[in-house]
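The two complexes that follow have chain A in common; it is paired with chain B in the first and with chain C in the second.
Let's look at the complex of A and B:
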């Protein structure tokens, strides 16, 4: 672990140096929404650091887009010619928040176990994650309950670089060789951090951890226990399910949700095979060809979703829950049954 | 690089703000706008998957003309020239009233305005109507009777969450329109009384305080009699901000819709307050099409009259909607097939295109600029995120050329220029020319003004019989699964399963009758009888049967010719009392 100091006035010089050899994606506003968009310089430091301002979509979109063409096919005589769309070169994701970095780490595990998904990995391997630790969480944040932030553990390998806002400068924590290469793009901008900067970092993390608003997510462990021991009644699931609109929004904006469907678009002699986000909220997600649906009722689907996120994944697979506490499901849910509301309901 | 274009969802009448995300000229995804007053960061499953139908491979990409039994591709000039000749020929032989023109809630305000000018000024026919004749025309006529022409901004989706009470007519109005359903849930959380009126629901979700098990057409009588309703609940419907939410596509007949809205208006505590009326639709520009004059002027024929067996209409110009799926009687479809000339301008290959003589390809909303008026009365700009597919062209280019082929002229040019014309010509639409339309929240029409003497209407009595079943024939002509935009989205196509032609019956009732799955039942009403396969359904209440109206032959067997709504002058199928026995 190497630690440096980068002065805020030097950020754009760094970005300029990086952008000469690779794409730099930074939070940018289109109308009033925030997207990760390519930038040459002039990064908006208010979006980059300070109060947690999350883009509507997690950076999951950069590794698993809403839809992507997997291959194109063209009939050539009795055979088909297949072409795979080219993937762009390396990109630095500057200012991705801790929760979203955790989400990508989570997806990394999913997309390499049993089967290594080449489409995921060719995007993922091209990304360098420069995470921004959150000094000030906002209303919907509950990452502190989900190991998703507000700061990432310096010793874990989720990020390439972690930036900590020290007011006039950033503390730059660099672990990976990919991260080191970014610093070497313009090493003069980086001074070695002294121990006082590390002390400040610890104080900031402590302050941030204590500034989450009182929130029902503190009942996360109770909810996990109750859901795992099958103590939640079917009536509770039905009640929660009745508020769900099956929109799929919670899955789409969730940094950890990894489900996709596939389809063909075929026009005459040519076409393409593509995949798109799918959601376990949808009744068609598990409906069988016969018409029978093992999860036909909304309450059943709701149960499956939260059992997977809060129990199955936690106990049987990864040792952590399928939620990073970004709070996006609160924003996206028309039925007001995002993760914190459900957790609070389940503990009763 | 992904491009994010701010625009409006075009799946239904709510008008959510969204970004369409494109790359390399292809739609790749969408996200909702968090700052738009309706969507506020949320979408329904249709909205979230809208990008899929933007990639449809079943689009019309070139003009087609009939050649024998099939169609052949042609150029725009040839297609428009041929259309002009056919129309001129019919006018020359039978007069302008031999032509009918059908506009659509799937066209922008600008396009509908031009379609109405084409009918009235270029062709000179009064036979002008919308594809919603058998659905939302009833509710819109009722709103017209109450608020006059230029209905105004009669509802507010964001304000619904502050309602003291909301009457939801049909659970689809809550479930299928999530921006509205979301506010209903929020109102419930703030202590509002939520009432569901639905005869086809065996039970209501937990946030409904009251379930009134009466079909919409009989609801005014049930409300007046305070049947099944706890004391005090109805009083809340008179409080300021009380809401009435219904699906306009299936509320008919008009007298019932009028009586229902009147019920709330008459109960209001203060004369200055009007209830929050949300007339929802499964099409995006219902209000706009209606307000822009897509309906028959005095002396003109409506869609049903144009397609009546004795009608003198010989040629029909149909815009943007697959008319063949919205006709409630088999005879109307037969007449459509026999017309001398059918011009169909639309986006997808479908059954109406198959029977047309000329087919013109139009761009999707996401491929062209135009304004839509939401169910609230919010005029919003739908911006193009993609180029028009193939050779498709917008009506603002095509109709002036068609007019020219007919020896007349029509205003054309960019959408903004047509909006200026609309602002001058259409009452209540002055704001369509202003900068507000281009803002994220759009421009709201003027507040509604109640007619000085709101009309009254007779109410249909509640049907009751101890020994008979209640047969409901919900209007499913405009159901989601019959919407082409759904069929062109793989995720949604799976979500909205096509219904089987069967009669739904309560599971316990089916057991009592000892019906086996799929076994046929014979049902008999005063108007006819029908043998049909049964489908047991836990969600259907006891002693109730449900038969979707789009199974035309089945419905006509048991319900005969239906009833004619005197206001819309079109057919509807009221609920009936029937006997049931094994076939």
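Let's look at the complex of A and C:
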């Protein structure tokens, strides 16, 4: 892995160089919320700092859009012509946080097992992630309990580039060939990092890991054990499920949730089949046309969600739990049954 | 990279009315290359779409030894099946698949075979019954039991009559409620068990039908001493994608569309939810 120093005053020159050949998406403030938006230059450096400022949504919509056409059809006499919409855009995501990067690598694994998903991969292959490490976690962060951050580890984690905020400059850690190509877009801006910068990085990571607020999610392993052994009573699931509003918010803001539904449009002689974000919270998620619904009970659905996220059966299959500790479900959930609350309840 | 969501077009070449709400469709792929390459295993399923209306999973109901054309049997209950029921011979539908694990055919050789089918649960079993009959000598005692609500609800009536006459197999039929012409057994399918001298040793039982029928059949079979690993069924879920991605058919850590739909009851018993 290569390490460089990039001065903060040079960031916009780098972005300018990158934007010549591809789209650059950077965190942008829109009123109170942060979104990834296309940027040519003038990146908001406040959002590219060591403090964990999370966009409202993870960057998963870049690989799994909220809705996406699978194919179009045109009726021609008795025949049909089927066409698949094109998608070729290359983009650099600048300032994605380590939790969200971990989420995308989790999705990568899921979307290549069994059958490889070409719609996912044609987007993912054209995406380069420049991760911003978090020197300072904020209130809802619990990535440290989920191996989702606050820093990506060059041995444990996959990534293209990771930036570490060193006040006046960034330490630039470059792990992949895709990341290397970004450095080469304007190599003059990148000086080799000396050992003292690496020492500072290690100290920052240590400090960050110790500055998470005391949090029930440190009991994650107890929840995993109890869910895996099916030791949580149906009454507990019902109790938790009763607090769920079936809104699907947790799934939509979750970097790891990837369930989708399929919809169909027919307008005259044309139409399309498309997929869209779906959520296992919804009562209709498993309902069959006969009316039979294997998970009609709220508690059953709630159990399903957390079994998928935390059971060892899935951990073994996917290599990590299905939560990266971004804390968005805490913000999104009107019933206050986000991941930490549930983990705390299951511990009892 | 191949596109797992893009269907191939297939033409309807035959339509058979089974009951007042059920039809069997025979298909052939429109593209000769697709037709030639198409193979499937007993117990696998297809995602069939009426383009622009919807897509749904259907168990293959025909003999995998003859994959040039293939059949599914479907009851008109929802938007997709209604739209498909409106189709005529020569019309095109979208087809993806075959998907799912299918029955491990060779593992059953040398065993006694019992089929317990209920109503519209017979079609997926038929994709296994037919190739087994092709290789009849590979199996020992061979018993097919079929139950339907009324005589009018029986599918494959012509084939049932042939099975009834076949000397190399045993066959039993029942209805929950008879009509004026019905002279056979009346009662749910499990009422046939005591009359058929079921062999428990070295036997595999295939059960498929509505959830309630499956539940009672398993209960009765367990009482008779059949072990869960020797009772095999195909699970039903609304499998949207068929390829383990959309999440709709997950039970515990299994995806019915990829890890199933064929499971034995030892596997089903290990799942952390009711199936």
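The rule is simple: the second predicted complex is superposed on the first by the 339 of 348 C-alpha atoms of A that agree within 3 Å, B and C clash if a C-alpha of one lies under 4 Å from a C-alpha of the other, contacts with A are read in each partner's own complex, and residues count from 1 in each chain.
As a working rule, contacts are C-beta pairs under 8 Å (C-beta built on N, C-alpha and C of every residue); 3 or more make two chains touch, one makes a residue touch a chain.
From a predicted model like this one, the values you see are computed outputs, not experimental measurements.
A.B. asks: What does the overlay on chain A give for chain B and chain C, a clash or a fit?
C.D. replies: Fit - chain B and chain C, as placed by superposing on chain A, sit side by side.
A.B. asks: With the two structures laid over each other on chain A, which partner does A:177 touch: chain B (first), chain C (second), both, or neither?
C.D. replies: neither
A.B. asks: Between chain B and chain C, whom does A:118 touch in the aligned arrangement: first, second, both, or neither?
C.D. replies: second
A.B. asks: Which holds for A:286: it touches chain B only (first), chain C only (second), both, or neither?
C.D. replies: second
A.B. asks: Quick one: angle from chain B through chain A to chain C, Cα centres, nearest 10°?
C.D. replies: 70
A.B. asks: Could you say whether A:249 touches chain B, chain C, both of them, or neither, answering first, second, both or neither?
C.D. replies: In the superposition, A:249 touches chain B alone.
A.B. asks: Touching A:311 in the superposition: chain B (first), chain C (second), both, neither?
C.D. replies: second
A.B. asks: After lining up the shared chain so the two structures overlap, which partner does A:265 touch, if you call chain B first and chain C second: first, second, both or neither?
C.D. replies: Once the two structures are laid over each other on A, A:265 reaches both partners.
A.B. asks: Quick one: classify A:278 as touching chain B (first), chain C (second), both or neither.
C.D. replies: both
A.B. asks: Nearest approach of chain B to chain C by C-alpha atoms in the superposition, in Å, rounded to an integer.
C.D. replies: Distance of closest C-alpha approach: 11 Å.
A.B. asks: Of all the chain A residues, which ones make contact with chain B and with chain C?
C.D. replies: The answer is residues 261, 265-266, 271, 278, 287 of chain A.
A.B. asks: In their complex, what parts of chain B are in touch with chain A?
C.D. replies: Of all residues in chain B, those touching chain A are 1-2, 4, 6, 19, 21, 26, 28-35, 41-45, 47-49, 51-52, 55, 57, 175, 178-179, 181-182, 185-186, 189, 205-207, 440, 490-491, 494-495, 497.
A.B. asks: With touch defined as at the start, can you tell me which chain C residues reach chain A in the complex?
C.D. replies: Its residues touching chain A are 1-7, 9, 49, 51-56, 77-78, 80-81, 90-92, 94, 211, 236-238, 240-241, 243-253, 255, 258, 272-275.
A.B. asks: Under the touch definition given earlier, write down the residues of chain A that touch chain C in their complex.
C.D. replies: By the definition above, chain A touches chain C via 70-71, 73, 75, 78-80, 82, 84, 110-111, 113-119, 121-122, 230, 258-262, 264-266, 271-273, 275, 278, 280, 285-290, 292, 294-295, 300, 303-304, 307-308, 311, 313-314, 317.
A.B. asks: Please give the residue numbers of chain A that touch chain B in the complex, ascending.
C.D. replies: Contact set of chain A toward chain B: 30-33, 35, 37-38, 56-57, 61, 65-69, 239, 242-243, 245-249, 252, 261, 263, 265-267, 271, 276-279, 281-284, 287, 291, 331-336.
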